[in-house]
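You will see chain A twice below: alongside chain B first, and alongside chain C after that.
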Partner chain A sequence: MVARFLFEVMDYQFIVNSIPLYVKAMELTLILSFWGILFSIVLGCICAMVDYFKIPVLKTVVKVYVEISRNTPLLIQLFFLYYGLTQFGVRLEGETCAIIGLTFLGGSYMAEALRSGLDAVHKTQVESGLSIGLTNWQLMRYIILPQACAVAVPSFAANVIFLLKETSVVSAIALADLMFVAKDLIGMYYRTSEALLMLVVAYLIILLPISILFSYLEGRLRQHGLGSGNI
Partner chain B sequence: MDSALVIFEGANLTRLLGGLLVSLRIAFLAVLFSLVGGVLFGILMNSKNTVVKVLCRVFLESVRIIPQLVWLFIFYFEMTKVFHIHIDAEVASIIVFSLWGTAEMGDLVRGAISSLPQHQRESGFALGLTKIQLYHYVILPQAVRRLLPPAINLVTRMIKTTSLVVLIGVIEVLKIGQQVIEISIFSAPNAAFWVYGFIFFLYFIVCWPVSLMAKWLENYWASKGV
Partner chain C sequence: MVSDKVLLEVKHLQKSFGDKTIFKDLSLTVRQGEVIVLVGPSGCGKSTFLRCLNGLEDYEHGEVFLDGKAIPGEQKSWYQVRQKIGMVFQSYDLFPHMTVLDNILLGPLKVQKRTKEEVLQQAQNLLERVGLWDRRNDYPSQLSGGQKQRIAIVRALCMNPEIMLFDEVTASLDPEMVREVLDVMLELAKAGMTMIIVTHEMNFAKAVADRVIFLDDGGIVEENTAEQFFTTPKTERAKKFLDIFNFKE
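Let's turn to the complex of A and B:
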């Protein structure tokens, strides 16, 4: 059955012809993910810092934001941004919308990852740092962040992959990403098998190297005894 | 502001809530299947047999690395074609989410079991427990406490992911929201803002208590020193 499927049903000429479409879509998926993940990290860092230093009012704002962002789906966030806000004159382009949505979603996940890292740094580390006369900034830069980041790497990596996968949703707001192209090809030519096969391959090309890279990094960190919590 | 009232016009509110119920039904069934499947899969992943281990790993990674939306498309459009059967969109989504949930839950179970110190296992065997007794009395009760908070977080993730099923044509809350907006396009031109805002709020109301429970359990057990 598999053989029949591979050699009779599949139209390989169609696959070859559709490669340029997928490459172009992959570009968009990567660009959106890149900016989305970058801004998520920035937003996550800010939120984690606000939480760590317990800055009065901002702390509550961050808390509310994290709860809202973690408990609503990206698709609904995008629909609200793209179709909802436009009603009131806020005109956002699809790309901008997708990046804002991804950042809104990813920011809280990144913040949680970093927060768990910061929490894992032992109190004695902070106190020792202060007692040898480091300033707050030096303490953060040389003592806390290096240890916190090492602990945060696994969940950080999981979040990056999670956000990359989440970009598949942006096709719903008319962005021509991988999912969109596959849907288009299915709709136009009824070539379901070929379109979906290419879709899976495209996602594998993006995600497999990243996944392998991160597990390698994690292994390296563990080898050096970082991130195990007993430094 | 008048457009906000569209939500409460006629049967709109009941329809929207009915749509939410469809999403929740999918999530509930998928969670149920993944709980059972995940525990079995997790125990299987801890097996010493290399072949079993590799097979489990391949299953886990392939489910995890492909976006759920792609899996939905594969099951809804492709499986039906290959096997010449009709799969209802709702059934397809339950299958996909169950498989995904089983893999993720299995990984959590594996992590919880393997994080238990080795001496627990050895002490159990030294007392003469059989393997089943060991799991029943020693391993699982301890693993459950480590497992529950992340497992509950997985449940919220599954509820959130059900929003994708609209893209393979399940009539759920988002689809009904679109219908409400389209019907009232002339009488309430700003309806999109309110209806999507309302759905946003609905998802939050459903997921938030579940998240809070996970956090509460984590703190509760941490304070008990488990």
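Let's turn to the complex of A and C:
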């Protein structure tokens, strides 16, 4: 059964021919992910800092944002940006919508990851830093953030992988990402198995190295007693 | 060794947590080169008092003078003062993501903006004094409790403080490691460092202190020389407290 599927049903020539399409789509997926994740980290850091320093008013704004962002699907957020905003005269490119959408979604997840890291840094570490005369900024830069980031690495890694996978939704706003190409090929040639196999392989090519890299990083951090929350 | 110059002066300090008054109207004068040991039952405010001297706790009333200058209460001014008042804690609190040497160099380089060559030389001298120069590239997780605490002392000393505060620095250590830390502190005392020490190690207190201050119920109950405090305490409460440390059949 499996052998028949592999050697008679699968059209390997079709797979070879479709490789350039997938490579191009991978490029788009990677570009959208790169900017989306980068801005998510920036937004996440800002939100986590607002929360950590308990900045009045902004703290509430961040809380509301995190709840909205985490409790609405990316697809809905993208529809709002791509179709909804045109009602108000705002017309955004598909790529821009995708990056804004990913940032809006990812920012809250990154903020929560970093917040858990910041909470894990023991009060005595802060006092120890203060006792050698560090200013608040130096304390954050040299003591709190390095330890918080180490604790946040596992959640941070999970978020990066989650956001990369979430890019598969952007085909809904006519962007030719991996999912879009796979659906296109299935629609045009009815080669469902080949198209889906290539889709899986393409995502694995992107995600596996990232996953291995983060596992290595976590291992290194644990060697120094960091990242386990036991600081 | 103790000079006549007053280094630290505390006047009428008061501290409360909510409704609970920790201490009130607490005054103390520390002369240069003097070693003061604070003793007293748990919860009497010894540690809180030390933390007030380093700005880690706010206080409601009173004034603290260092070198004759009043320290303004607001947090901003403490950054400067903390460079002159070194503090070592019970739980060592080395920075776990930095090597021993980076832990020591951080303050002098980033806060005091001194040159790396100068600080490195000082760090080497101090680490050799405590017998840990060969562990300079290790991370704190690779060290024993006693070694971590000695490094914490070196880290504070490398800032060239005028006075050192020790907050129960041997309380978390295994008994066999207590001695190595106390030896370092004894050596510091002999070298003329001004120190305020909170400890439950009574034999050590007797050996190191110029003056012992017994705190209880939010105030100073007895202030005496080490010799007299441990042999002929003036107050009943101090006698009762010292009896805890004497096992009798």
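Everything below uses one rule, namely that the second predicted complex is superposed on the first by the 229 of 231 C-alpha atoms of A that agree within 3 Å, B and C clash if a C-alpha of one lies under 4 Å from a C-alpha of the other, contacts with A are read in each partner's own complex, and residues count from 1 in each chain.
Please note the rule applied: a residue touches a chain if its C-beta (ideal position, glycine included) is under 8 Å from a C-beta of that chain, and two chains touch if they have at least 3 such contacts.
Quick caveat: nothing in here was measured; it's all calculated off a predicted structure.
K.L.:
Looking at the overlay, what does A:Ser211 touch: chain B (first), chain C (second), both, or neither?
P.N.:
first
K.L.:
First (chain B), second (chain C), both or neither: which does A:Met10 touch?
P.N.:
In the superposed model, A:Met10 contacts neither chain B nor chain C.
K.L.:
Contacts for A:Ala120 in the overlay, against chain B (first) and chain C (second): which applies, first, second, both or neither?
P.N.:
In the superposed model, A:Ala120 contacts neither chain B nor chain C.
K.L.:
Between chain B and chain C, which makes contact with more of the residues in chain A?
P.N.:
On the superposition, B touches more of the residues of chain A.
K.L.:
Now for A:Gln138: first (chain B), second (chain C), both, or neither, which partner does it touch?
P.N.:
second
K.L.:
Is A:Ala176 touching anything from chain B or chain C once the two structures are fitted on A? First, second, both or neither.
P.N.:
neither
K.L.:
In the complex formed with chain A, which residues of chain B make contact?
P.N.:
Counting only chain B, the residues touching chain A are 3, 61, 65-70, 73-74, 77-78, 81-82, 156, 160-164, 166-167, 174, 181, 189-190, 192-197, 199-200, 203-204, 207-208, 211.
K.L.:
Which of the residues in chain A come into contact with chain C in the complex?
P.N.:
Residue list for chain A touching chain C: 122, 124-125, 127-135, 138, 142-143, 146-147, 150, 224-226, 231.
K.L.:
Taking the complex as given, what residues does chain C use to touch chain A?
P.N.:
54-56, 78-80, 82-83, 86-87, 89, 91, 93-97, 106-107, 110-112, 139-141, 155-156, 159
K.L.:
Which positions of chain A touch chain B when the two form their complex?
P.N.:
That would be residues 5, 67-68, 70-77, 79-80, 83-88, 161, 165-166, 168-169, 171-172, 179, 182-183, 186, 192-193, 196, 199-200, 203-204, 207-208, 211 of chain A.
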